[in-house]
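Remarks on the structure that follows.
Naming follows writing order (A, B and C), and every chain is counted from residue 1.
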Amino acid sequence: MRVALFITCFNDTLFPGSGRAVVSVLERLGHTVDFPTEQTCCGQMHFNTGYRRDAAPLVTRFARTFAEYDAVVTPSASCAGMVRENHPLLAEQYGDTALQRQVDELMPRVHEFTEFLTDVLGVTDVGAHFPRRVAYHPTCHSLRGLRLGDRPQRLLSAVDGLELVDLPSADSCCGFGGTFAVKNADTSNVMLADKTAAVRASGAEVLCAADNSCLLHIGGGLSRQGDRVRSMHLAEILASTEGEPW
Amino acid sequence: MVSDPRSRGVIWLGSPAFPEAARTALADEQLRANLKRATGTIRDKRLAVAAELDDWEELRDSAAAIKKRVSRHLDHYLLALEASVTAAGGTVHWASDAAEANRIVTELVRATGESEVVKVKSMATQEIGLNEHLAEVGITAYETDLAELIVQLGDDRPSHILVPAIHKNRTEVRDLFVAEMGHWGQPAPEDLSDDPRELAEAARLHLREKFLTAKVAVSGANFAVADTGTVMVVESEGNGRMCLTLPETLITVMGIEKVIPTWQDLEVFLQLLPRSSTGERMNPYTSTWTGTTEGDGPRDFHLVLLDNGRTDTLADETGRQALACIRCSACLNVCPVFERTGGHAYGSVYPGPIGAVLTPQLVGVENAASLPFASTLCGACYDACPVKINIPEVLTHLRVKAVEGKGRASAEALAMKAAATVLDSPRLLAAAQRAAALGGKVLAREGRIGRLPGPLSGWSDTRDTPAPPAESFRTWWRKNRKEERP
Amino acid sequence: MSSRDAVLGRIRAALADVAAEERPEDVPVPRAYRRRHVEPGQDVVALFAERVADYRANVIRTDEAGLPLALAAALGGRGARNLAVPRGFPAAMLPTGAWKWHAEPLDVPELDALDGAITLAAAGIAVTGTIVLDTGPGQGRRALTLVPDYHLCVVRAEQIADDLPDALARLDPQHPLTFVSGPSATSDIELDRVEGVHGPRALDVVIVDPTPTEQP
């Protein structure tokens, strides 16, 4: 199986560690991961902010870059959702039939990281060790977009030493919403305050999610409030071992 | 022929854009506590009663399909409805816009010689500003739904589709009743408590005489059945039954999208609506009538079919799904934004997620350009919607229109264009990453950036941002993997 | 141009994407939902009783012979003395005692002066705990069950449909229909439901079970 990592522009720039963690987990499981360097961005920011036309070239790039792989794995639920839901739409709106066909063929091979582990590889225990109290925040795109269900929790529960604690009102949005956090900063701030309060109430030492964008927002709030809860991408927890803690 | 969309009444002229209006609401701790309590209560109830039906998804699929059939053949169904209502003794009127609908209702009321009407809660008449219009011509409209009464007594605006006074808590309602009920009808007792039971009792006594003597009623409609001519109003308090049954003349104002094909279709909507709306298996009262009935109820029945921007909405292939809305309010109740800001911030008769997609379409995106952005796209509304309106899809679709309205030379458009150029080039992206890492070094302390400039200051007011790491993933890959592999 | 023509014209223009030959029936409507949310063999009458009671209505089960006594008990419990009785209500059902029965026609002020109304029903719906009135014999015009503060409704077990689809199929929409699910209520204050607003604040539903046939 030829596996490609789609790191996403956001992780590439701000959270390279999450990409390294994905590579580490997959290699530990015996897979070779490729990183086609022509990849850039899925176009989510442009699409969600009303600049669809600007996102269109990124659809072409994505389809071309990943065409030859058996599986495209990404540590971002929202980018996976963007690709699977909206690339076909953009291909239809701005592309030709060749692009539409290319996109349609590729879509079933695009997987969010936890989907790939549990559904494609059939693994829940990845041999990780992480002796911490961890809360999982199901981001909106994980929960209602991709319908990841309990896949992340199953993976976390299999981690040696990890104590998974409940996050109150877990399914409510953290208030990030991409450019929402800038355009509607006041509303976003209030939603953030409720989420950070829930994180504190959970008693977790570490907050994790399947998307660094929401974690940037929640973690940024926790940090500003002087809270010591660490936010980590779920892949980084799964990459952590007794010998090489993350 | 088509009037200025701003005169359609849907939006409250002069309201600030959503972010600014939200700021005022967010500062009101009492309001936020009221909203949190009310939406929290209803969410759990809705989930419990929806879960009782293991075919909930099949019901939603069916409802969405029926509404789709109607929207694609709206002319056919409206003509059928007109014929069946007329055959049953009713009179059908067509109104292009708010002004025409108001004029029709005014003439109908005047023809009765009455100067008062009682009203059943209706979004359509709220939308066209019927009460205000009637007041201008000397006709007093009495709202009879408890929440509408609260809004009317407080000279307030509705903030929720189902529960227009959701922004008020019981104590505020009590104070309002004691202060205002004395102006007409039976006053509230001096020692009125804030127990909702006592408040409901006060409303009963206050309105009773109006109900028993009213000669003209105005209602909306939840559904109108094309093949039978049957109109339906779904309610809880009995104020609807009072208005629909006791007066001599009944005037129903209904959006053209409310028509459904057959009587049988109600078996779908009557299972979905109460459960989605008030979280009940069935609402206390549902009334149906077909034209007029000898010896029972109004002698004259008028049905006013209202366009008022609906055909503009229908013309948008993506946006027209918003016309499927059955006004249940489930999307408002689950919306994390509505929960914090309340309904007034939307500046429209239709608040919340459905308002954010309906309002800009009814009045033109340029007249409500901030609303499509008043959402995190979290998807809770789509999950809750009993007729499966994909609200996030319509939101991002309308964002395109909003952005186009601002022109290609806006600062944001230029920044997005520049970003798109960088993001479509691995080389430029890598260069930008190096620049960001350098900039981060300058701005960051202990790996965290405290304050960001310009439009990002709203972000950095409450959040630290990690400094971009010195090495992007692609750089790490080049050094650690690519070089290892031939 | 009339507004009717204008609106219809705008609708047709808005639907330019819909092929001229497409008929309404060409838009598929899946109906994969259940016709009833009861299991085969489930006691529908018991379910109806339970669901009506959930709305804080009083439910009494009896058979034909016990009916007058059951009605007397219900009326006694409410302290109701003066009651409206619609045309077609079987006189044999009415209990004898201190009650005053007011026959139709009754105008609104007369109804307003009464303690309650006693009626039959057109149907019951088990899953939703609903009674349906269609102004047929024994049910009166709509005002009769609306203006007085108390409604005592007699439903025969065989009138109870299992669920909404079956009930709607039994009803004739040409009659004015009132679906009643519990006493009047409101959720308008803090979205918290309380019973008792403009409609009858008290609802008693008497279910008449069929008399078991004697075995020879």
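In the analysis below, contacts are C-beta pairs under 8 Å (C-beta built on N, C-alpha and C of every residue); 3 or more make two chains touch, one makes a residue touch a chain.
Chain by chain, the UniProt names read as follows: A = Fe-S oxidoreductase.
Because the structure is predicted, anything quoted here is derived from the model rather than measured.
S.K.: Are the chains arranged, by touching, as a line, ring, star, complete graph, or other?
M.R.: If you draw each chain as a dot and join those that touch, you get an open line.
S.K.: Determine which of the two chain pairs, A-B or B-C, is joined by the larger number of C-beta pairs in contact.
M.R.: By number of C-beta pairs in contact, B-C is the larger.
S.K.: Could you pull out the chain whose C-alpha mean position is farthest off from that of chain C?
M.R.: Between chain C and the rest, the longest centre separation is with A.
S.K.: Determine the centre-to-centre distance between chain A and chain C, using the mean Cα coordinates as centres, and give it in whole Å.
M.R.: Each chain's C-alpha centroid was found; their separation is 52 Å.
S.K.: Distance between chain A and chain B based on Cα centroids, please, to the nearest Å.
M.R.: Between these chains, centre-to-centre, one finds 32 Å.
S.K.: Compute the distance, rounded to whole Å, between the mean C-alpha positions of chain B and chain C.
M.R.: Distance between chain centres, rounded to whole Å: 30 Å.
S.K.: Help me check something: in the complex, which residues belonging to chain A touch chain B?
M.R.: It is residues 7, 9, 11-14, 16-17, 19-20, 23, 35, 37-41, 43, 45-52, 54-55, 57-58, 61, 140-141, 143-145, 171-173, 175-193, 216-217, 219-221, 223-224 of chain A that touch chain B.
S.K.: Would you mind writing out the residues of chain B in touch with chain C in their complex?
M.R.: 1-2, 34, 37-39, 41-42, 52-55, 58-59, 61-62, 65-66, 68-69, 72-79, 88, 94-96, 100, 144-147, 150, 163, 165-166, 168-170, 173, 196-197, 199-201, 203-204, 207-208, 211-212, 225, 228, 230, 236-239, 241-242, 245-246, 256, 261, 263-264, 266-268, 270-271, 278, 280-290, 293, 295-297, 305, 307, 311-312, 314-315, 317, 320, 333
S.K.: List the residues on chain B that touch chain A in their complex, please.
M.R.: Going by the criterion above, the answer is residues 18-19, 22-23, 26, 32, 336-337, 340-341, 372-380, 382-383, 396, 399-404, 412-413, 416-417, 419-420, 423-426, 429, 432-433, 436, 448, 450, 455-456, 458-459, 461-466, 468-469, 471-478, 481-482.
S.K.: Hey, which residues of chain C end up touching chain B in the complex?
M.R.: 1-4, 6-8, 10-18, 22-24, 27-34, 37, 51, 54-55, 108-109, 112, 125, 127-130, 135, 141-143, 146-147, 164-165, 168-169, 173-200
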